[in-house]
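I'd like to ask some things about the structure below.
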Amino acid sequence: MLSAILSMAALAAAFGVALGYVSVRFKVEGDPLVDQIDAVLPQTQCGQCSFPGCRPYAQAIADGEAEINQCPPGGEAGVMALADLLGRDPLPLNPENGVAKEVKTVAVIDEDVCIGCTKCIQACPIDAILGAAKQMHTVIADECTGCDLCVEPCPVDCIDMVPIEDTTQTWKWPFPEADATEKAA
Amino acid sequence: MAVQNEILRQIWISSAILAAFAVAGSALLGVTEGSTREQIAANEQAYLIKSLNQVLPPSQFDNDLLSDSIEIQDTDALGTEAPVTVYRARKQGQAVAALFTVVAPDGYSGNIRLLVGVNFNGSLAGVRAVSHRETPGLGDAIEVSRSDWILGFAGRALGQPPVERWRVKKDGGDFDQFTGATITPRAVLKAVKKALIYFAAHRDDLFATSAKDPQESDNG
Amino acid sequence: MTDYLFILIGTVLVNNFVLVQFLGLCPFMGVSKKRETAMGMALATTFVLTLSSVCSYLVNEYILAPLGVEYLRTISFILVIAGVVQLTEMIVHKASPLLYEVLGIYLPLITTNCAVLGVALLNVREQNSFLESAVYGFGAAVGFSLVMILFSAMRERIAVADVPAAFQGAPIGLITAGLMSLAFMGFAGLV
Amino acid sequence: MASYSDIARDGLWKNNPGFVQLLGLCPLLAVSNSLVNALGLGLATIFVLVTSNVIISAIRNWVQPQVRIPVFVMVIAATVTAIELIMQAELYELYKVLGIFIPLITTNCIIMGRAEAFAAKNDLPKALADGLAQGLGFSFALVLLGAMREVLGQGTLLRDAHLLFGEQARDWTITLVHNYDGFLLAVLPPGAFLGLGLLIALKNVIDRRLAQPKAQPISTTDTAESTA
Amino acid sequence: MARLSSPHLPVQASVSVVMRRVVIALIPGIAVMTFFFGVGVLLNIGIAAVTALLAESIMLKLRGRELGRFLSDWTAVVTAVLLAIGLPPLAPWWLPAMGAFFALVFGKHLYGGMGYNPFNPAMIGYVVLLIAFPTQMTLWPTPLGVGDGVASPLAVLTYAIGNDLAAFGGLDAMTGATPLDHVKTQLSLSQTVAEAQGGNMFGLFAGQGWEWLNLAFLAGGLWLLTNRTIRWQIPVSVLGSLAIISTLFWLGDSDRFASPLFHLTSGAAIVGAFFIATDPVTASTTPRGRLYYGAGIGVLTYIIRNWGGYPDAIAFAVLLMNMAAPTIDEYTQPRVYGHEGRKD
Amino acid sequence: MSAAAGMVTGAKVWKFPGGLKLNGHKTLSATSAIEDAPIPAYLILPLAQHIGAAAKPVVEVGDQVYKGQTIAAPDGFVSTPIHASSSGKVVAIEERPVAHPSGLSAMCIVIETDGLDTPLSTPELEAHPDYSELDPSHLRNLVRQAGVVGLGGAAFPSFIKLNPGPDAQVDALILNGAECEPYITCDQVLMREQADDIARGAQLIMHAVQATTCLIGVEDNKSESIAALNKAIDALDDRRIKVVVVPTRYPQGGEKQLVQALTGREVPSEGLPLDIGIVCHNVGTAATVWRAVTRAEPLISRVMTVTGGAIKQPRNFNVRIGTPVSELLALSGGTQGTPARLVMGGPMMGFALTSDAVPVVKATNCILATTEAETAPVEDAMPCIRCGECAEVCPAGLLPQQLYWHSRARDLDRAQEYKLFDCIECGCCAQVCPSHIPLVQFYRFAKTEIWEAERDKRKSNHARERHEFRQDRLDREEAEKKARLAAKKAALKKDTSAANPVAEAIARAKARKAETASGQPADPVADMIAQAKAKADGNKKIPEKPASTENSSSTDDPVAAAIARAKAKADQKKTDSAAPSDDPVAAAIARAKAKAAEKSDEKSDDPVAAAIAKAKARKAEQQSAPEEKPTADDDPVAAAIARAKAAAAAKKDGD
């Protein structure tokens, strides 16, 4: 009995010593995971994930504080990519965070209505709006990620999100319809 | 400096916690073990006896089988190089039967271990398959739970039927084979027959009250 | 020599840990959806299984048996395994981020893989010697890795098959494992 | 956090360890070749799960991260060994039949899984409820599979009940099909995998039916989309 | 619009043509088999085919797939025939039925049907039967020229339906071990190969009847090769590896190891190499991979035949290599135009 | 690739892997001579007819244009001009349906022809009958100005291929006269009728690329063309040029396959023929180049085939670029019923047209109108049975079935691992697939998906950079603001703390508590911030619209804070008149604090963190100094100094 207790205690203590030592000696700083997650996120910086931008969301995922299904701009494909990266099971997008846009959009400022208040400029997370105070503003369409953040601050409602249309350059071959195998009789 | 301190601190904490749980755990187990030890030992014995009882019902003997045993060795007759324990059943001091395991090495797939009980008069008290790897559904009919075939050995002896008819029917003997499986019964028969022959040759040594040197008994 | 060969064949094929002995099934089912992860898991398991097989032999032989406290087998084995795994993980994490990338995330999972404790306990039951224990552990790991990797490649195919909805995911995975186990019955009687 | 009814529903059905989480597969498949074996291991697992959940919940706040796993496994291992010793003392034959899978409860993934995922984060009563629910859920899966395999493989139920319930249960065996040759596949290893696969598929079908109460055509599959 | 893209020309080849060719190629073998083993062969094929088509229809219906197209692709028939010719030609009716059911349901439709199954359905059916009903599966009727000779149609039918042969002198009288089984068991009783092959079970160079049977299947297989329904890699590597390994052991100890000719022609090696291992769906698909795949089957067959628990092992070997096929494919990708070296 | 080192002689023909023997159907259209198609009423000239950037219009609606006049100029290096193919008036510059598999519209210049076909009075180009005087770079420029693109299929601006660069060594020019696709015969008749132009074009290109050999690869089913070419070469007496007869085997005319067949060399993946010393042009391109240089003829017309079972009189036309397809169908006697499919290009590589209003472009070599019997059914695919037939015929040595499985599963990474981009989309695989799977469409689908993903990735990386840039800018601004503030406060505090140490201690304690609550170590800079935090906290209690609050209450991020602030502003004003959110100082501090918290673990290039670090160092220094008070924290003077230093450092780092 005593020998049992003593031997176990000694064994345990030995591991305790080793673990304690190693836990300090081999402490790992930094977390490349956040970078990897951030690289997968669409960088729309729209905040729909309920975090202020993509990187904070990436951090939250890495810390296990957020699910992987909170980014609507990334869509199902984004969730799959995250699931892949993190070795988790894919989840359907969380509707609380919004729905994935059917089509991509860009912001367009109605330049006749714009009063040059700069509110949209402050809101745009990627500085995609040009203009100075009291002058009309324009969106650099190529930069705009379609995050919608500039729409609300505009006091005169002059910003519209318009769909980006396919061109022969961006057109994609459609997925060939389901094979006959997968079709109902 | 700081790192050193930190290491010491962590070492101290980790080992203390782990040791504490180890102590608690092993203490708990120590107590449990202490309180169950005897019961377990008794169970082990009972288990063994129960398996022996399959071939020799308890009513037929009154001695303590487990303490009345000797070891023998005969690779040829017993099918194994390892020493084999022989339990000797006696009633009122009279030898009743010997129980031991033999191995049939030529089963369809590997060894078949058999528990053989031989009455003092040379007839079989019973045979059971202890372990085997015969094909499920074919060769495993030697298990009692699968068929009664093995029960048919009880009461048989070397002359009953005559030695040359200790074969499966297909080979011109008296024993049934299984449909589609002749190898297994053949192997079992052969092993049992050998055991009987061994018994006949060594009966007195086997029942000698003091355990004899197996080698000696072998030569005898 | 042939003894060791038989142990190897026995553990890898005839009594495959996963398909015949039913050990280590959770990671087998859980981490086999992609070939890369399956390989990582296989590697990590091979390492831990061999190591723990050896360590538990030592613990059993030099601590438990001399003191006559065999009833502490489970608790001491598991302590050794958990400790070794965690030490390995922490050291690998720091020392070789590359290796950690490959093995790291699987190591903690392995602690609770019953193949690891299973191999330790079976070693005792089979009364294997030191070297036999090592071969036994290694063979078990190779068997595990083999079926794990084959299984993961099959699952990648099955993932894109037109599997009936009710069977998608785990059910078809289990059925595939069942059919693999069926195929492995062909090795019965080899050793 | 989770309410008790959630905990119960999770453990028994929605997040059943055997059917959904796919944890504890080894004992689930290995000892489900008969109903009695399944029941025996199920009971042992419940006991361990409840005990370990309770202890871990109680100690959760003063265990360092680097020793968390060793401490947890030690707690579990101690519990299991205690059970093992008690079983040896009280149900020796069943212990013999279940063999290595009793000590292996230690590494049954559910136990550690619940310790990490639930007990280490919740208070004591909840942890107890969770242990019970998950244990019952696991035993449910185990017993179902055991019954299925026993019926298919041997045509009986409750064979060898005396191992668990003592001598008076020796003749509890229910023979469903007389002179049944036995569909051997069911009791062999492949049968375990196939059986569990079929049971989970069945659960999926039931879940789908429950989800859309409107009577659906016999089709158990969804059509066009799937992987397309 | 499903097909938008080029090419726009109609395609000549089709799945059902391929499958029909396989059935046609099996006919000579089936004919010889019936001659030697009786009408039980045809009965098995019939029962298996009907069950297979039935099971296929039910599964297609349950899964909501087009019935007509898939029933007419002939794959279920190929599966049924290949399963049936592996069964003893004297069997209760439920044996082929059960086998075909398992083949089609577990081997094929749970995976999504034609084209998606990772395991050879016929071999799944066969192995399930072998493991679940070993008694029925190991009782082969004696062929023409051995023992009582070929079972009469009446006997076959009585046994198939009533599972009873008392009227015909009992099952044991009409059945015996196959040549492979016989040699295996005799060898295990420490006889030499020559002794084991001494009986009248053995014909010119292999089992009586079996030799002709295998020649007929060989003819069908060669026909498939010439019309490019199958490629050479798998048959050649299966038979080649089996021949090589059996030659090596035979040269080493011809008392304990049977000759390569015996191995090639006494069991299912020929059918296996040309018809079973070549199942495109479950085999390896890269040219180099097919060589490895076939070699694996040959070697595993030999190992299990000699040291394992089963007298013949084509089915197990095929299933085991089916397991490995996806992995093999992954590591045997051919060199792509414009890339250096192979990707190994 | 041992052959790469050897000489290119054309003496041996290699075999490329895979490939198919197809029924050519060439006699349909090859028997008659090339016919000039009349001027259509309208010419529709897409701006993007070539690989590379679309041309930019240089005319306006209403302008009169003349034949050969440049109406659109190249935009960038990989681009070519577009010329009016007849005279008339520009009536529109707008989106019109163009020849593209999508059936989408694209920018076109539409010319209403006047039927006069008046050429420019002074041609834009100068004719150089004796080009051997010209140095190669001048030559290339001429070819560029003539708008010449490859006529073999890809419509790659030809001048680039005439410009091998200073280091490149060209062993051989290969002219592609294989024309392996069924039905098409435009190269065949061109070689028959204009062999001389081709041969001279070959000489010209050899001069331009400094090649010593020219091999013209022609399939063995075009004996007349071979004879004509040999005759023309004999006439020129140029031993460097050689016609090599190659077997008729699809896709013999694929650039990579032809290069392999003629030289035994393989074009490296993702490489160019030039990498192995080869330049490859279509035979028609050669003739066009020659005419552009020596006769100053820009590319305004080309020879093309109109054929197929549904065409009444299949033949070859010399067609003005921009002619609508409908006109050509009418010219060939119309169609027999509605064609089952109208294809631009050949049956193996071409794409189905959704409308016959689209114009012929520079790349158009064939219009194919098929009958039902000649057309693959739209929908009869079965699952892949992995028969491997496709792999047998793939000329690229790919595993088409694996590409298919991965594309179908949308596993684009795996598809790329299986070398999706080495697929030349030749269609051989689909042509032999017993399951009739539209394999090529799967590959095209996967490729366009990958391209889109790459576009998205580029865009998102760009967005990340811009976002980070913005963050840095905001940080800098905050740091500067804060530094100013800190200095001011410190000065203030110096007075008050002396007077009231208790209040100061309390404030500090509060600050630290706030800090530790957010997991950050207390430090002097944070001290300051936290003191203002009580105020800033007021912000957070203000009721806000749930829809717009996600960011405001939980956030640590300045952008989000700004956004939230903007959103909540109206409400705040109404509900809490004393709301300090309008207070720029408090808001700034809140943001700075947030920033500091966020950045505290990224020590490298963050000015705030740098400042903190410096302040801390300072503190440690003071701690160890014996004559100091117990902690530097307690010393307002030291703290102030630290802060000031930090501020200075922050400013410095920020700049």
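A, B, C, D, E and F are the chain letters, set down in written order, and residue numbers restart from 1 in every chain.
The working rule: contacts are C-beta pairs under 8 Å (C-beta built on N, C-alpha and C of every residue); 3 or more make two chains touch, one makes a residue touch a chain.
None of these values were measured; they are calculated from a predicted model.
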| item | value |
| --- | --- |
| C-D or B-C - the one linked by more C-beta pairs in contact | C-D |
| Chain located farthest away, centre of subunit D as origin (C-alpha) | F |
| Maximum centroid distance from subunit C, chain identifier (CA atoms) | F |
| Separation of mean Cα positions, subunit B and subunit A [Å, integer] | 67 |
| Approximate Å spacing (C-alpha centroids) for the pair subunit B, subunit E | 42 |
| Interchain centroid distance [CA atoms averaged], subunit A/subunit E, Å | 54 |
| Distance from the mean Cα position of subunit E to that of subunit C, given in whole angstrom | 34 |
| Residues of subunit F touching at least two other chains | 101, 379, 381-383, 408-409, 438, 441, 444 |
| Junction residues of subunit B, two or more chains touched | 10, 13-14, 17-18, 21-22, 25-26, 29, 33, 108-109, 136-137 |
| Shared-contact residues (touching 2 or more other chains) in subunit C | 71-72, 75, 79, 83, 86, 90, 157, 159-164, 167, 172, 175, 179, 182, 185, 188-189 |
| Complex interface listing, subunit C residues touching subunit F | 157, 159-160, 162 |
| Subunit A-facing residues of subunit B, complex | 3, 6-7, 10-19, 21-23, 25-27, 29-30, 34 |
| Touch list for subunit A against partner subunit D, complex | 12, 15-16, 19-20, 22-23, 175, 177-179, 182-184 |
| Contacting residues of subunit E [partner subunit F, same complex] | 1-11, 13-15, 17-18, 69, 73, 112-116, 231, 280-281, 283, 285-287, 290, 329, 333-340 |
| Residues of subunit C touching subunit A in the complex | 31, 34, 37, 59, 63-64, 67-69, 71-72, 75-76, 79-80, 83, 86-87, 90-91, 93-95, 105, 162 |
